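Each of the two complexes below includes chain A, the first together with chain B, the second together with chain C.
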Partner chain A sequence: MMLTSILESIATFVPETVLVATFCVTLVSGLIARRKPAVPAALAFVGMLVTLWAVLQQAGTDRTIFSGLLAVDPFAVFFKGIVTVTTLFILLFSYFSTEVQTSVRRLAEYYALITAMALGMFLMAGANNMLMMVLGMELTSLSSYILAGFTKEASDSSEASLKYIIYGALSSGLMLYGISILFGLTGTLGFADLNHAIANAVPNYFALLVATILIIAGFGYKISAVPFHFWTPDVYEGAPVTITAFLSVASKAAGFAMLMRFFKVVFIDTSVLALPAGMWASLYGFEWNKLLAVLSVLTMTLGNLVAVWQNNLKRLLAYSSIAHAGYMLMGIVVLSDKGLAAVLLYFIVYLFMNLGAFYVVMLVADRTGSEDIDSYKGLGYRAPLLGVAMAIFLVSLTGLPPTAGFIGKLYLFAALLDARWIWLAIVGAINSVISLYYYARVFRNMFLRDPEGQATPVSIGRAQTVLLLVLLVPTLLFGLYFSPLVDLANASLVMVGVR
Partner chain B sequence: MVTLTSYLILSAAMFIIGATGVLVRRNAIIVFMSIELMLNSVNLTLVAFSAFLGDSTGQALVFFVMTVAAAEAAVGLAIVIALFRRKQTVNLDEINILKW
Partner chain C sequence: MELYTIIFYVFAVITLGAAAIVVFSRNIVRAAFALLFAFFGVAGIYVFLLADFIAVTQLLIYVGGITVLVLFGVMLTNRQVSVDIKTGTMQTLPAVILTSALAGTLIGIFWSTDWRVTAQPLASETTASALGELLLGPYVLPFEVASMVLMVALVGAAMVARREKKPS
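So, the complex of A and B:
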């Protein structure tokens, strides 16, 4: 009985199985083909392509596997897709990155750990039980601690790694303590059972609040929300650019997936029917969305204000990614399907614009050896394509038309106004204006300032140009033609066990 | 008499000591020890609740927490060693190239 259920579950566990196989094969290939670093890279890439295929096969599935531990539903499949596409881009970035290719000695382990991290994020996206939540988060975190410090020669890399693991371990400790209190209150770890237990017997309200705040600490660390963001700037600056880009998109997406599923499945009152379609009610006045609203305001305000003072572009993008986590939290605060769909849509857009911005930083840093904003002076003339591309990515991150970032923000703000969260929308709008200021500093350096010293032209190869265009074209195209994305986001809202 | 409350008070105390240790101690090794203390207070809470509720799910989670703690300690100490080779220190105040 147990065995048949496990065997049946494995049939819907194909993407994760492929990832595990890719991890093992990549690791072993590094031992066999010692002198050929391209072999593990190619194996990891092919493995991720097979994973993408397996994820696409899961489209339309809506069930739980392994006795309710993991959910395979359109929501999980959407985030697995985001993670897989990001991983494919990161593997290509790593292949082109001089920093990774020259200073990493054991490249096979580097690629293997990237696939291990992808596996952890798949488990986070599907976690339907607090045990799975912890395991997925820890697998992702442990791989990323190692990857953040992978360029051992750079001392700020291992420093970043140490800061990362201390904050990471602290917040996973806080989260686990929250989970243990929640288990004590309800006697269960599964999301659906938690919802029934809390809805049927009102537990100690204060203990529930403390447990929720502690669990939010764990989520907040993963999505780098203030005040759990302290690791973000240091790790983003110290880690290799490829890993920074990976953390800023995939890890954040997986953290958001877990957060949204946890709150939507556990803390929504499914018995309230007198609501307009697509709106939800929180359980008996336990207004967890107010907690997230506070978090959202703090996150975007601090992210944007501190970004103004940064001189290192990687660090600036780190603070901008903190601010983006704040914008995306707004979509969850409103308690509506529209808000959630807006967050999903934002992630598709964010994937292209943020990876694009980090890719340009990587290409420029590999050629000029500097990530300072000052070294971007005159870039628009030294490398016109790079300069224009960077400008478009930054405009998109600001959220101005005609780029994809505008569409993402538009739907977020529409959802906010729809649910009458006017003050939050105003705070969000003010923050977007602040963000324009520091992004504009980069434009000014690229196009209006003359380069200091000798103005060496920066040139990139043909393959790098193609990859840049693959990121650039969607950023522009999705700003004009976005209805398929909206449909995809709306179709991906289905979570197992939620009406 | 030893009741559930006694266990919970003990584990809360352990948790607070651990969390304080992470925040105030400046030696990386002691910080990792404090993290272990936090995770073990979680285990104590889970086992106590599990025994009190007569539900073994909590004890299953404890096994995973122990595994995670071991993995985290291994990675953490490896990182401390990598950093010590460069800087000859495990004092967190002296590890500060990166800030605000």
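So, the complex of A and C:
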């Protein structure tokens, strides 16, 4: 009985299996082809392509595997897709990055750890049980601690790694404590069982609240929400740009996937029916969404206000990514399918624009040796394509038409207004205005300022240009033609166990 | 007071006392030795919970393995044995407020909550075989993922610790 169920589960576990195989093969290839860093890179890339194929095969599946521990549903598949595409981009970035390629002897481990991190995020996206949630998070975090300190010659990279570990240990400790309280209240770890247990017997409300807050500490750390964001600027600045970009998109996506599934499946009240379509209620009116609303306001406001003072572009984008976590939290607060769909849509858009911005930072830093905002002076003339691309990515991050970022924000705000969360929408809008200010500082340096002293043109290779266009075209295209994305986001809302 | 309760408190005191030494000691070797007793006390508490397998694992792996490794690590990096580690305290007031609020909340919860208890008697006297069946049955995925987590930790530790050749 058990054996057949396990064998059946393995058949729906192909993407993860491919990732583990890629991890092992990449690692071993580094030992064999010692002086050829291209070999592990190519193996990892092929492995991720196969993973992408396997993920696409899972489209439409809606079940749990391994005794209900892991969900394979459209929601999980969507986030696995986001993680896989991001990983593919990061592998390409790494191939072009001087910073990464200088440490030839450790490159195989670098690529292997990226696939391990992707595996961790897959498990986070599918986790239907708090045990799997914690394990997926630990796998992701462990890999990212090491990768953040990859360029260990640079002292700020080691510092970033150490800070990351300390904050990570603290917040996973808090989260585990919260989980232990929840387990003590209900005697189960599975999301669906938790929902039944909480629905059937009113638990101690205060204990439930404290457990939820402690668990939010763990989620907040992964999505870098205030006040659990302290690691973000230092890690983003110290880590190699490729890893920073990876953390800012994939790691955040996995964290959000876990958070949405946890709150929706555990706290949904299936007995309340008198609600407009696509809305749901929380058990006993337990207002965890108000907690998240507070978190969201704090996150975007602090992220945006502090970003105004930053002069290092990586640090600026770190604070901007904190702010974006705040915007996306708004979509969860409203307790509606429309809100969740907006978050999913935002992630597709965010993938292209944020990776694009980090890619330009990487290209410029590799050529000028600086991530300082002053080194962007006159970039629009020294490297017109880079300058224009950066401008478009930043406009998109601000959320102005005709870019994809506008569509992302539009759907988020529409969901908020639909659910009558007017004040939160206003706070979000004010924050977008603030964000325009610091993004505009970059435009001004790129186009309105003359370069200081060295007016050397910054040139990039043909392959780099193609990759840049692959990121740039969707950022513009999805701003004009977005209905397939909306359909995809709406179709990906199905979570196992919630009807 | 029953003998049972007395022994429980003995273990509790061992655990907490040793843990306090780990945190407050300025000498890293002393802290490492105290950690040994803290782990030992926790093993005793596992025995009280009738978790025999976990208790033995705790003794073998934490008390026997990890603490010894920590001690070796400390002694091999012998430059640090005589050096006092920087253990200054900063931001004392906010830390005290925050931690006491957290501790108060948690203690309050432990007093006031009706924890879910099962009246079922234990299925068997030892837990090892039941655990084994669970680990290779319904919980086979976490079991395997844990091996992946350890593998990543191993690769990472090797990568961080490896000596780099000076670029010539």
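By our rule, the second predicted complex is superposed on the first by the 496 of 499 C-alpha atoms of A that agree within 3 Å, B and C clash if a C-alpha of one lies under 4 Å from a C-alpha of the other, contacts with A are read in each partner's own complex, and residues count from 1 in each chain.
The criterion applied here is as follows: a residue touches a chain if its C-beta (ideal position, glycine included) is under 8 Å from a C-beta of that chain, and two chains touch if they have at least 3 such contacts.
This is a predicted model, so every value here is computed, not measured.
In the superposed model, A:135 lies in contact with both chain B and chain C.
Contacts of A:206 after superposition on the shared chain: chain C is touched, whereas chain B is not.
When the shared chain is aligned, chain B and chain C each come close enough to touch A:149.
Contacts of A:109 after superposition: chain C is touched, whereas chain B is not reached.
Of the two partner chains placed by superposition, chain B and chain C are both touched by A:187.
The contact surfaces that chain B and chain C form on chain A in the two complexes overlap at residues 131, 135, 138, 142, 145-146, 149, 152, 177, 181, 184, 187. Taken in their complex, chain A has these residues touching chain C: 2, 6, 9, 20, 23, 27, 66-67, 69-70, 105-106, 109, 112-113, 116, 119, 123, 131-132, 135-136, 138-139, 142-143, 145-146, 149, 152-153, 177, 181, 184-187, 197, 203-204, 206-207, 210. Those residues of chain B whose C-beta lies close enough to touch chain A in the complex are 8, 15, 18-19, 22, 28, 31-32, 35, 38-39, 41-42, 45-46, 48-50, 52-53, 55, 57-58, 60-61, 64-65, 68, 71-72, 75-76, 79-80, 82-83, 86-87, 92, 95, 97-100. For chain C in complex with chain A, the residues that touch the partner chain are 105-106, 108-109, 112-116, 118, 137-142, 145-146, 148-149, 151-153, 155-156, 158-160, 162, 164-165. Remark: chain A residues 130-131, 134-135, 138, 142, 145-146, 149, 152, 155-156, 158-163, 165-166, 169-170, 172-174, 176-177, 179-181, 183-184, 187-189, 233-234, 237-238, 306, 309 touch chain B in the complex.
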